[in-house]
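Labels A, B, C, D and E are assigned to the chains in the order they are written; within every chain, residues are numbered from 1.
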Amino acid sequence: MGLFDGDIMKYEDWNKISRIASRKSLWMVHFCTGCGAIELPPVMTSRYDMERFGMGPMATPRQADVLLITGYLTVKTLKRVVNVYEQMQSPKYVISFGSCPINGGMYWDSYNTVKRLDRYLPVDVYVGGCMPRPEGVMNAFLELMKLIDEGKARGWEKYQKYYEQYKRNQKMAFNFEREKDEGA
Amino acid sequence: MVTPVLMIAIPLLAAFLMPLIKKAHRYFTFSILLLNAILSVLLFAKVYNDGAIYETIAGFSPPVGIYLAVDNLSALLALIINLFATINFVTSKKDFKFSMLYLLGVTGATGIVLTGDIFNMFVFFEITAVASYALVASKKDEKAVEGSIKYMILGSVGSSFMLIGIAIIYSQLKSLNLYDIAARISSMDPKMMWLSFSFLLTGIGVEAELFPLNGWVPDAYEGASSNIASFLSFGPSKASIYAIARLLIIFSMSRTYELALYVGIATLLIGEVAAFMQKNEKRMLAYSSIGQMGLILIAFSLIKDTSYAIPAAFFIIVSHASAKSSLFLISGKKGFGGITSKYVGLAGVLSLIGMPPMAGFWGKWYLLMGIADEKMWAVAAVIIFSAVIEAIYFARYLHKNLGEGESEDLGYSIPAAVMVSVSIVMGILPLIYNMAGGVLNA
Amino acid sequence: MLELIFAVLLIAAFATLFIKSGRIAAIISLIASAMPLIAVMDWANDFGIKAFSFGVENSMDFSIAGITMHLSITSFAWFFAVMVFSLLPPIFLFSYSFFEKNNGFFPFMLFLITAVFGILLASDFLTLFFFWELMAASSFILVYISRDKKAIMSYLAFSVLSAVLILVGIALLYSQSGTLIFSDIVLNADKVTVSAIILMVAGFAVKSALMPLHAWAPFVYSKADEPFVAFLSGGLSKVGYYGMFFMLFALPGAKILHQYFNSGVATYLLAVIGAISAFIGTLLAFMEDDLRKLLAYSSIAQLGYIAVGFGIGSSLAMAGALFQAFNHAFFKSVLFLAAGAVAYRTGKWKISELGGVGYKMPFTFMAALFAIFALAAIPITSGFAAKWLLYEAAVSNKYIFITPIMLIAGVGAFLYSFRILYGVFLGENRHDDIKEAPLPMIAGMFLLVLPLIIFLIFPGYMLDMMHSALVDAGIGTISHTNYVIRTGTASYNTLAVVIGMMVVMIPAFLIYVLRKQKKVDFKDNFLAGEPYEFYGYISMHAANNFYKPIEDVIMPYLRKGAISFYTALYNAMGRVSDASRKIYTGLSQDYTIYIIIFFFIIVGWLIW
Amino acid sequence: MVVEKIAVIALYTTIAMFVGILFMGVGRKIVARVHNRVGPPVYQGFIDIAKLLTKKTNISHGWIYDLALLFSMTGIMLTILFLPIGGVKLLSMEGDAFLVLYLLAIPALGFALGAGASGNPNAAIGVMRALVMMLSYELPFVITLIALMIYYDTSSIAQIVEMQHAKWAIMIPPFVLAAAVADMALQGMLMEAPFDIPTAPHEIASGPMAEFGGKHLGALMIYKAGTIVAYTTLFVDLFLGGGVVMHDGSVLAYLANFAVWFILIFLVFTLSLLINTSFPRFRIEQAFKFYWKYEALLAFISLIWVYLMVIS
Amino acid sequence: MMWPEYITVAALISIGLYGVMAKKNLMKIFIALSLMETGVNLLLITIGYIPGGTAPIENGNFAKYVDPLPQALVLTAIVIGLSVTALALTLLIWYHSKTGTLEYRRGMRW
């Protein structure tokens, strides 16, 4: 039984407060495996200053709301990404940077790169480009805020709902890696 | 009728009868020793009730005749020596010669304590000394023989010195009776008196393990077998230190007491310090014995001024005799090995460092009270120092013996337990205070 | 009745000497140890506190043919007796489960209790010293059981040092006043009396592990059986402080010292020693990896506070010191027992090897947690009231050196408290196969925690208990009600703290108890994305060299400490010993020369 | 009477927490301005806490983890009750500066307990640093505190505040030095640079808070807000007369005192933030040495100075 | 006074002590010991001796009797010395059989 889960306050109202609050206070954990990480410092510093929207980097996934996938993911890093994602507290959002998480990008024919991140994690906002410029990144954040405000950023709910499928996909990817390892 | 002469005569006679009864010699010797112990109890009871006994032998009256004098302290010492000798003899497993020598040694030690004649004292000294040399050597290995030879050389030099002292006294006073000498000592030419005192002190000091006359001690104790080391620590050494006490009382001058105090302090310090790093157990116990003898001498050196000195000395003697003899009995193996040995070791050590309910506690207490009477705080400082040192090396000794080793030899550890229980009994019932309170008549 | 108590204790001691089973011995000891407690409770009526009445007479003369021992209870001894004897039944309850075989703990513990009873009841110096030595002997045997070389050597050496210091002190006093009975002794402010007081205080301080004389404590505390160590730290150290209290305030030595030095320099020195003890003990404690050594140094530190109180000597300080003594008796016993319980289940001592025990042994953890709060003087336990009194006393006397040192030692206590809490009870769960400690152990620990909670809310009860002791010692008490302590400059209201706490706790409680949450395993933890079992094993227990950075800064200053000093002394003594043994060359020729030299020296000495 | 008191207590804790949370936003704004950024709105703290408290999921590492947080929140609120705020003595007559010092340890120890219970090695390291930092800054701080106690001959903070009616402590020469020392200690208490190593986010993943998320983190932020108010108020009470400017008991006086108190703690906090933005980070042993060598020495000089003033 | 006698006594004792102190051979040491004992015995007799005295056999001339007691003492001392010497020789034989030498083994054992 939760105090704020419908007994005292209606869920919808509660949700609304939650949405308003989380829109203005997006704390991110950036998973800096790819080249996109280099685009983040300009976004944080005085040129673009993401903090005016209440955003800021956080040290651990426990504290964060947004997971930034800054570039390509290999099977090995995917494990970590999934781990990090699962350690975050809902509501949580995923923004992926660049072409690689969308369709493999320049690693489209690599044997070891995750081609479509969407198969493994629910991505809320994609930022295209190789790499996206800071303006694009800013734009993505604003887009995410808009989505949250409208109640459309529901990737985390999707992940809960289709948990089995996501797990299956992830497992397939990991198994692939294990077979490769055994073969080598 | 208990007379002190029986206590000397019976074992002496038995010793010379020994070759006749070779087979049952152990039982025979044991029963003689037991008889002697019982006699000494009776003697003690008698002395305690009726006061000191003076007895002459062979018809001559003092100062010419042989003369026995028994007061409270000497009766007690005789009791201790005979009692421990009886208990200790249980551990003997040797042939009749050993028993004979053992009886002689006990006779000599008892005689030293009971006699009232200075030449007799010399004779008993020689008896116990010769017996001890032989007993030490009876283990027959190299160390034993070497220890025995050293003991013999020094003992002979010492006995010569003693005899010279006796000769000087006799030349001056024409008397050998201790009481007679004590009465007339002031009429002596002072230079001769000091000379004779020096000779006597040096002579007896060799047996009494005083520094620096005690070179033989570590070697002889190490070389001797356990029960003989045990015998040495309660027999000859205690009798000799008692003889020194008598000597001090005879030459009752403040300088002699002062000298005894200094010698005692030196003996205590050297003994304890030398024992501190000693790794060999028996040598450590031997050095520790030296230290304890120093402590006893310090106690005796206070006789003149404080009534606490005699109980102090008495309790230290009891504590040391019982604890050190029992420790010698259980030492020399890899470890205590069993519960009896362990508790004997603990009780012995606690008695030596003066913890209740052992006799050592009262010794320490009375000694410090005596020092308080005298206000000799430097001595107190020395005693603090040596007590701590002693505690450290005995703690190391105890720890070293914790190792499992072979299982204990109950034939040794049970007599040891009986001996150490004497210390406990004396500690719990300090009624001896009243008994020993009787002044040493001089 | 008093004879009966001694008889029961001794008979129980001799009986347990021959009992092999630890369980039966524990039950016998438990019953026997209740006897002095009953007597102590009965005597409470004499000191203005209602208890029950058994009619135990409060004095006795015990005569063993020629030597009479005078025993009677005094108010200050009574206070210490309450403290010491209420520890014992819980400790024996604990040992019921702790000892399967009777390894000698029970008989010698009972001898020890007899001795402590005698010390507290002694009314002449012979009795005091006799029982003091009996205590030293029996506690030494309890240490001896531990089979550790350093523990055995250091404990015996320091016990004997303490004994001879006290003995010489008694001898000095005796030479001045000519009597050994306390009530007959009249002290004058002369050199001998003053040195006697100093020597005896030093002798008692050895048992209280005051700083330069503490060197035995880390070794003994870390090696002996925990129930004994609990009593050693909780009870016997207080007996040492009883001796000090007796010397300084009952006799009264402090006044003599004050007269002799014309100022409070000697007692101030005691306070400084206590403060330094608290400070350095704390620093050494949080660098220790061995749980028991940590607790040992913590004991040294906490006991230092009592010495500060004794050194200051005002009514405030004395109340604080006695309160601190009481608290320390209980919380440190609990901690050692908890350490014993943990070791009983895991068999480990190193903090770096333990961890996560609190999840499996929650009740042990609860008891230890309370004890640690009391240790760290968190204001929700009675531990704070004691330290508060001491701080107030120090500040109101304007001790600008002692106060900051004490306070910083108090802060340091948090450091080692956390080390125990995290290193042993929290953190990575490494012990899946252990169970909660057996019921008797838990019961024993919680019985000991109980007073800490009672005196948290009602520190006034404690001040009532020590009232007659302080009045009899001519110190006077401070004004208080059941839950408010007032000093000249400030007041401390425990009820305000407790109620305030409850009031502010309610909203927080509402938010945090009525909520939905998912319990996760400790393995589901942020490790920079790595799964816990990825490389086989990732150590999540950061308890090895926990305070390394600060250790590197502090240790160079502390390296030349007391223990290294004693070690150096031991080595130097060893060299002296080796040199002196060279006198014994093993050659009879040399020995003969010695004889002749000796002869000529004494002839020379006597004739000229 | 009791209800009234409880109501006042509730009001004051609420106000204190409100101020604290506000200060967190203000602090970020100030830091952003120093960085030449726009920065978040001043009410950002409220948004953050609201967001954290409305998180949908929540994890726990066991009952110790939960209770520890409860413990720290309670502790910090209790501390605030024992501090005079704007001259209003809530419970501060019932305890004194030593009690406050030890009450301030409750939240720290509770926090440490929670961090320990989270089982994260980074958290343990962070707690170690926090505790060592505490040991470091407490030494100079308690020395200055004792200087004050000796000067005013009381250990009660409320009385120290009252005695500063005529003249704030900082106007007395030795206490200028003491206040400077205490301000550096405050820097450590608030874990601002150069003493922010306990929570160094990039090194040990924000240290003790590594495992805290959702509502737990929200509670932690409330606790943090409380510490800001508590420590700055402590400083203001000790050296700046507690912000008391009007001594009559009128409503106006309450408001004025409250306003002055607010301005003063704001100034103290701003000063602390300015130092924070201008310095890099000390390593923990450097911080320790800094406090125990230079700070403690200065503090001790002021203490001796005060002592000589008092005894003469 | 009887200087020659006393000088002889002193010489004997000194020689004996010198032998004990300086000689390494055990046999020589024991000989030295015997010498010393002889010296002491001589001292005893000398003390009891009156110049021109007769043996204390009852012949009426009491004034010329030498003191009989020292002579008795000397008899005892000689017996004791004999026994010591006998024992010493026994030990000597044992020592020789254990070590193969009569020289003192120079070894410091402490």
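As a working rule, contacts are C-beta pairs under 8 Å (C-beta built on N, C-alpha and C of every residue); 3 or more make two chains touch, one makes a residue touch a chain.
It should be emphasised that the depicted structure is a prediction, and the values quoted were computed from it without experimental measurement.
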{"item": "Count of contact steps on the shortest path from chain B to chain C", "value": "1"}
Contact-connected components, chain C excluded, all else fixed in place: A, D | B, E
{"item": "Centroid-based (C-alpha) most distant chain relative to chain C", "value": "E"}
{"item": "Contact-richer chain pair (by C-beta pairs counted) among C-E and C-D", "value": "C-D"}
{"item": "Furthest chain, CA centroid comparison against chain B", "value": "A"}
{"item": "Distance from chain D to chain C - Cα centre to Cα centre, in angstrom", "value": "35"}
{"item": "Rounded Å distance, chain B centre to chain E centre (Cα mean)", "value": "27"}
{"item": "Euclidean distance of C-alpha centroids - chain D vs chain E, Å", "value": "97"}
{"item": "Centroid spacing, where centroids are CA-atom means, of chain A and chain C in whole angstrom", "value": "58"}
{"item": "Chain E, residues touching no fewer than two other chains", "value": "17, 20, 29, 109-110"}
{"item": "Junction residues of chain D, two or more chains touched", "value": "57-59, 205, 210-211"}
{"item": "Residues of chain C touching at least two other chains", "value": "511, 515-516, 524, 526, 581, 584-586, 588, 592"}
{"item": "Interchain contacts (touch definition) - all pairs", "value": "A-C, A-D, B-C, B-E, C-D, C-E"}
{"item": "Chain A - residues contacting chain D, complex", "value": "4, 14, 17-18, 20-22, 24-25, 45-46, 49, 51-54, 57-63, 65, 88-91, 156"}
{"item": "Interfacial residue positions of chain D with respect to chain C in the complex", "value": "6, 9-10, 13, 53, 57-62, 64, 66, 69-70, 73-74, 77-78, 81-82, 91, 93-96, 98-99, 101-103, 105-106, 108-109, 112-113, 116-122, 124-125, 127-129, 131-132, 134-135, 138-139, 142-143, 146, 149-150, 153-156, 159, 205, 210-211, 215, 219, 283-285, 288-289, 303-304, 307, 310-311"}
{"item": "Residues of chain C touching chain A in the complex", "value": "510-511, 514-516, 524, 526, 529-531"}
{"item": "Chain A - residues contacting chain C, complex", "value": "1-3, 5, 31, 60-62, 79-81, 83-84, 87"}
{"item": "Chain B partner contacts - residues on chain E that touch it in the complex", "value": "13, 16-17, 20, 26, 29, 33, 36-37, 39-40, 43-44, 47, 67, 69-70, 73, 76-77, 80, 83-84, 87-88, 91-92, 94-95, 98-99, 105, 109-110"}
